[in-house]
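Lettered A, B, C and D in written order, each chain numbered from 1.
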Amino acid sequence: MDHISPVIWQFLVKWMTNFALLPPEASKLAPQMDALYFFILLVSLIGLTVVVLLVTSFSILYNKKRHPVAEQIEGSTLLEATWTIIPLGLFLVMFVWGALIYFRVFTPPANAMNIYVVGKQWMWKVEHPGGQHEINALHIPTGKPIQLTLISQDVFHSFSIPAFRVKREAIPGRYTTVWFEATVPGTYHLFCTQYCGTNHSQMIGDIVVLTPEDYRKWLASSTSGASLAQNGERLFASLSCAACHNTRPDARGPSLASVYGARLPLATGGTVIADDAYLREAILNPSQHVTQGYAPIMPTYQGQISEEGVIALVEYIKNLNSDYRIQQTLNTTDMLPESEGRTPGAQAPAVKGPVSKGTVKP
Amino acid sequence: MPDSPVIAHGADEVTDNAHEEHPSYLRHHFESTEQQADATGFAMWLFLLTEVMFFGGLFTAYLIYRNWYYPAFVAGSHQLNVIWGTTNTVVLILSSFTMAMGVWCAETRRKQGLVFCLILTFVLGLGFLGIKTVEYSEKIEKHHVPGLHYSLKSFLDPDSDAAAKAAGDKPLALDMARHTEVYFSLYFLMTGMHALHMIIGIGILGFMIFRARAGAYTSGHVTFVENFGLYWHFVDIIWIYLFALLYLISRHQ
Amino acid sequence: MSEQAKHAEDEHHIVGPKVYVICLFGLLVGTGLTVWASFVELGPWNPVIALAIATAKATLVVLFFMHVKYSSKLTKLTVFAGIFTFLILVSMTLSDYISRAWGSW
Amino acid sequence: MSTNTIVSLPDQSTARIPKTNYITKENGLLSWLLTSDHKRIAILYLISLSFFFFIGGALAGLIRLELLTPQTDLMATDTYNKVFTMHGVIMVFFFLVPSVPATLGNFLLPMMIGAKDLALPKINLLSWYLYMAGGILALYTMMTGGVDTGWTFTTPLSTHYVNTNVLTTGLAVFVAGFSSIFTGLNFIVTIHKMRAPGMTWFRLPLFVWAHYAASILMVLATPVVAIAIVLVALERTIGIGVFDPAKGGDPLLFQHLFWFYSHPAVYIMILPGMGVISEVISTFSRKRVFGYTAVAFSSVAIAVFGFFVWAHHMFIMGISNYTVLVFSLLTMLVAVPSAIKIFNWTFTLYKGSITFETPMLYAFGFLGLFTIGGMTGVFLGTAGTDIHLTETYFIVAHFHFVMVGGMLMAFLAGLHFWWPKMTGRMYPEKVSQLAAVVTFIGFNLTFFPQFILGTLGMPRRYASYPPEFQVLNVFSTAGATILGVGYLLPVLYLVWSLKYGAIAGNNPWQATGLEWQTQSPPLTENFAVMPVMDHEAYDYEWLENQQQEQRREQEVTSAG
């Protein structure tokens, strides 16, 4: 093979040895997605083969030399019905199968650990509930469902992890979610796949999947001193939210204890489930989300809190299951000594996830 | 021309009938004046379809935001003057009527009548735009033009504003008051697009009056007047909806 | 196209002033009605009534001022196609906005 | 060769191009610029379209060169962004949308239905001027710094976050949109009102049906993108807030409005191409298209269903999950008429008498590539797989298979097929067959690796990429070089043929359409005697009888 240019030869060898059709399957979802992918691929290949075979054989059998006079055929309802119904049936199978997978990707399980991701031109900022910040990287453990709550602070971005087969747009002004469960430790690509301006192609990062043990080590080593909920608590205090949202009988706002996940009656009629998106909206556009029995007097915080700040507040409210802390913020005007007194080791419960309420309990 | 039972249009009747000599306005590629009138009329209708879809985008936006920010839309709507709006609706309906009468005059070859109707339509059209200008200038004075020093005063403090006070508006929360800007964006976009169509229409009307006095439309060739009539009525229809959607939100409050 | 329809298409129907005057009257009454209705408390029916009256007025204009009642099937079909596509745009887009609030499953 | 071709040319020693035809009728540049003859306007379009195609193509070449290596070494990222944006804008709005309708459609549609011209010739000329105004504006934008929003103008990027020439580009697209609206409007009116006696709806060539369907989309969908662009422009200049989340607007609304046009737009692009393929396959297999009615109605079905599927571009964009279900289902339904067409074309070959002239080679290319393009569309219409594949090179490969592999192949097929009618001269067969094969190979080498890149996860619109994707990108760039040659060849030999090509005569392909029953190049008003349609479309027996009659007449006259 000397006559082939060594460059091209190396090139081909490199390609043949590294050839892959799909990225590694590193999440629980990936094999399911790939099964559907290969099903559609199979159908496509059969369809293509049928067309190519027919065209080729007709070209050979009925070329002018062999078949000088064409026979006029009007059509055949039976045949046409066949190639209407068979593709339709196959497409419907794909639709149902695809819809089921779509369900799965965008329906996080109840025990998922929530991590917040803020996209901005041109970086990904990740906020772990334990207070760890990351930029253009995401550390996660295997074997635990992870839910991402995404938002963008400027333009559309898209959080894509090919190895997990998931991708979700980060939208300005609204939370979106996606979840996955990593299975294989390793480092995988993180791409922004929605064109977002000049450095779109540099808005990339690493997804680092660790074993649960390594993950615990990483959490401990990269803490920033205060959990996300504690940051939220400070913000809650400095914005004087507790002036209204308290348990006093004359409180002007509803108590926020155990409000997360509850079904709230709205002043405009109807009810709403207080999820992350609702909490965010209620902070930024309060007058549209007034709960029954309260006057629409809450000021808007639009433009006053950064997206990270809103996330911290949401995380704080999510973890409130008693009014004790709110009373504390009422009594103290400054920083809370308790939260500063915490040692990194005390952060450990955060690993259990935000749903294990009581993280901020004294 | 051989007779065929499946002719798509009455091409040969005409050639057999009176119009042995082609009238001057028959363009070379048509077989008959009927075909020409049919084709241009149909083309006008298709053009109106594109206009429907053009406004369709705006109506979609309107419906979405009205559902989202209903209180802001109510407060914004209360800033509009129903009397001016109603007057304008009546003016436009009258102009539509005079236009229809103009078409009838052209069809029945009444030259004086046609010129009179067109001039009336022209004047009514200008009247509409005049009233619109008054309304717009009021909005400009109150800084209700989105993007240009937009002021929330009328919505945060309705007592300071005559229109809001008259409607008995309660003060809006700041976040909702901000969304009145969306209402006024749509208000200016929709009425502005409509006014743009009016201006174009009035321009063509002026040209038509000029031509009608020379007797151009009263010698059997009425397609232009008819097609312009379609356009003018379409603009009227858009306004009928704009009036209901923009001016008449929850006036009873 | 049937012979009859073809005939109807060729025949140019001239709509007379009488129809126009009746139509004008109807439009003015409609305008008065819609303004009056907007000042009456009807709850969720207010916008429905307003749109219904507007549609009735628009129908009058389309049928008589724009001669659609006397026009060929093709013109009627064209009007219908316009309304149909407009409704697709509005309803399918709104379907997204309405069902967003239903939350995830 | 004699048995393997259907080409029948007049005796070259005596044959002459007819002295009076639409080209020779008047002379001078002004006679072209002020013409209202649909054929001359088609030629104007052909020249200007080719110009824009090669500008878009050159930009594509730059993109491929930059992607040869993982780093950004040829140009900076913002230059790259401008290059792919301008490539998209020019190719979509100034080549693909008008390509077949404005050139071949304009030239042939009146002839096929036996009319003297389009119903509104002046509007037709206006369309061309609008197209040119838009095109020149787009070029001006490119010269003065370009625009880097991507051809989709996604808000809020386009309204608040880029400081390039969004407004002029928007205006260019807006103006070109009206050109497209007027073309579509003209076609619909012409097809309804200008048909020759005897030309019933079910005697129309399928080319006309396809153009009818595409025209409906042009008329009804284009205005929506026009208003979307107006809103973006106002948002950008005075900040009206309709799409601005900070002011309470919804950026997704822009995408709804944009894709309400831009999804049907892909059918505007592909339907006329399908029309070309119907004509070509029928002619070169000497057979009526298998299931004429099904093919005709599938065009209309694609046009109607085309309005119901736009949100499949937004599956992961945060639209409601329920809406995703509905749009995914409807997307599956719109795939069916395309499948019907593919099989009907294939079965047209059955028991035909097939020859392999250049247009047929391109048509075969179309069949294969469009099948791949269509099937990969199903991957993206399926909500589950769309999550992984959207916004990657998979989608780039998919729409290039449909647009370049489908549409451009069809355009070239049609251009070769009707070249003798348009110019009166044949193109050189051998070299053009070579070009067809080169194009096919180059195309597959360029775009097939991109499917694999996409499934591997390489995002689109990346100026730099992880090194592991390099090998496939090198393949793609190599293929693009071959593809470039494949597209340059036709320019050379087609221009050559204008002077040296064989005289074609009226009907070199022995085709049945009315356009072939008149001289080539045709007269200004197309037919010396207005034709009467007294047979079905694609009636080859009628053609044979007709020719026999003519031969007999000639014998009589020469004997007399």
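The rule is simple: contacts are C-beta pairs under 8 Å (C-beta built on N, C-alpha and C of every residue); 3 or more make two chains touch, one makes a residue touch a chain.
All figures in this text were calculated on a predicted structure; none of them were measured in a lab.
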| note | The chain whose mean C-alpha position lies nearest the overall protein Cα centroid is chain D
| field | Two chains joined by the most C-beta pairs in contact, as defined above | value | A-D
| said: Can you work out the whole-Å distance between the CA centroids of chain A and chain B? | reply: 47
| field | Approximate Å spacing (C-alpha centroids) for the pair chain C, chain D | value | 36
| message | Using Cα averages as centroids, what's the distance between chain A and chain C in whole Å? | response | 45
| message | Could you work out how far the Cα centre of chain A sits from that of chain D, in whole Å? | response | 38
| Multi-chain contact residues (two or more partners), chain C | 74, 81-82, 85, 89, 93, 97, 104-105
| request: Please set out, as single numbers or ranges, the residues of chain B touching at least two other chains. | output: 8-9, 38, 42, 46, 49, 53, 56-57, 60, 64, 68-69, 178
| For chain A, residues contacting two or more additional chains | 103, 106, 285, 302
| field | Contact footprint of chain C on chain B as seen in their complex | value | 8-10, 13, 34, 37-38, 41-42, 45-46, 48-49, 52-53, 56-57, 59-60, 63-64, 67, 82, 86, 89-90, 93-94, 96-97, 99-101, 104, 107-108, 229-230, 233-234, 236-237, 240-241, 243-245, 248-252
| remark: Given the complex, residues on chain C that touch chain D span 74, 81-82, 85, 88-89, 92-93, 95-100, 102, 104-105
| query | Residues of chain A touching chain B in their complex? | reply | 284-288, 296-300, 302
| query | Where on chain A does chain D make contact in their complex? | reply | 11, 14-15, 18, 20-23, 33, 36-37, 40-41, 43-44, 47-48, 51-52, 54-55, 58-59, 62-65, 67-76, 79-80, 83-84, 87-88, 91-92, 94-95, 97-103, 105-106, 121, 154-156, 158, 160, 162-163, 165-169, 171-174, 176, 189, 191-202, 204, 285, 302-303
| task | Please give the residue numbers of chain B that touch chain A in the complex, ascending. | result | 68-69, 71, 172-176, 178
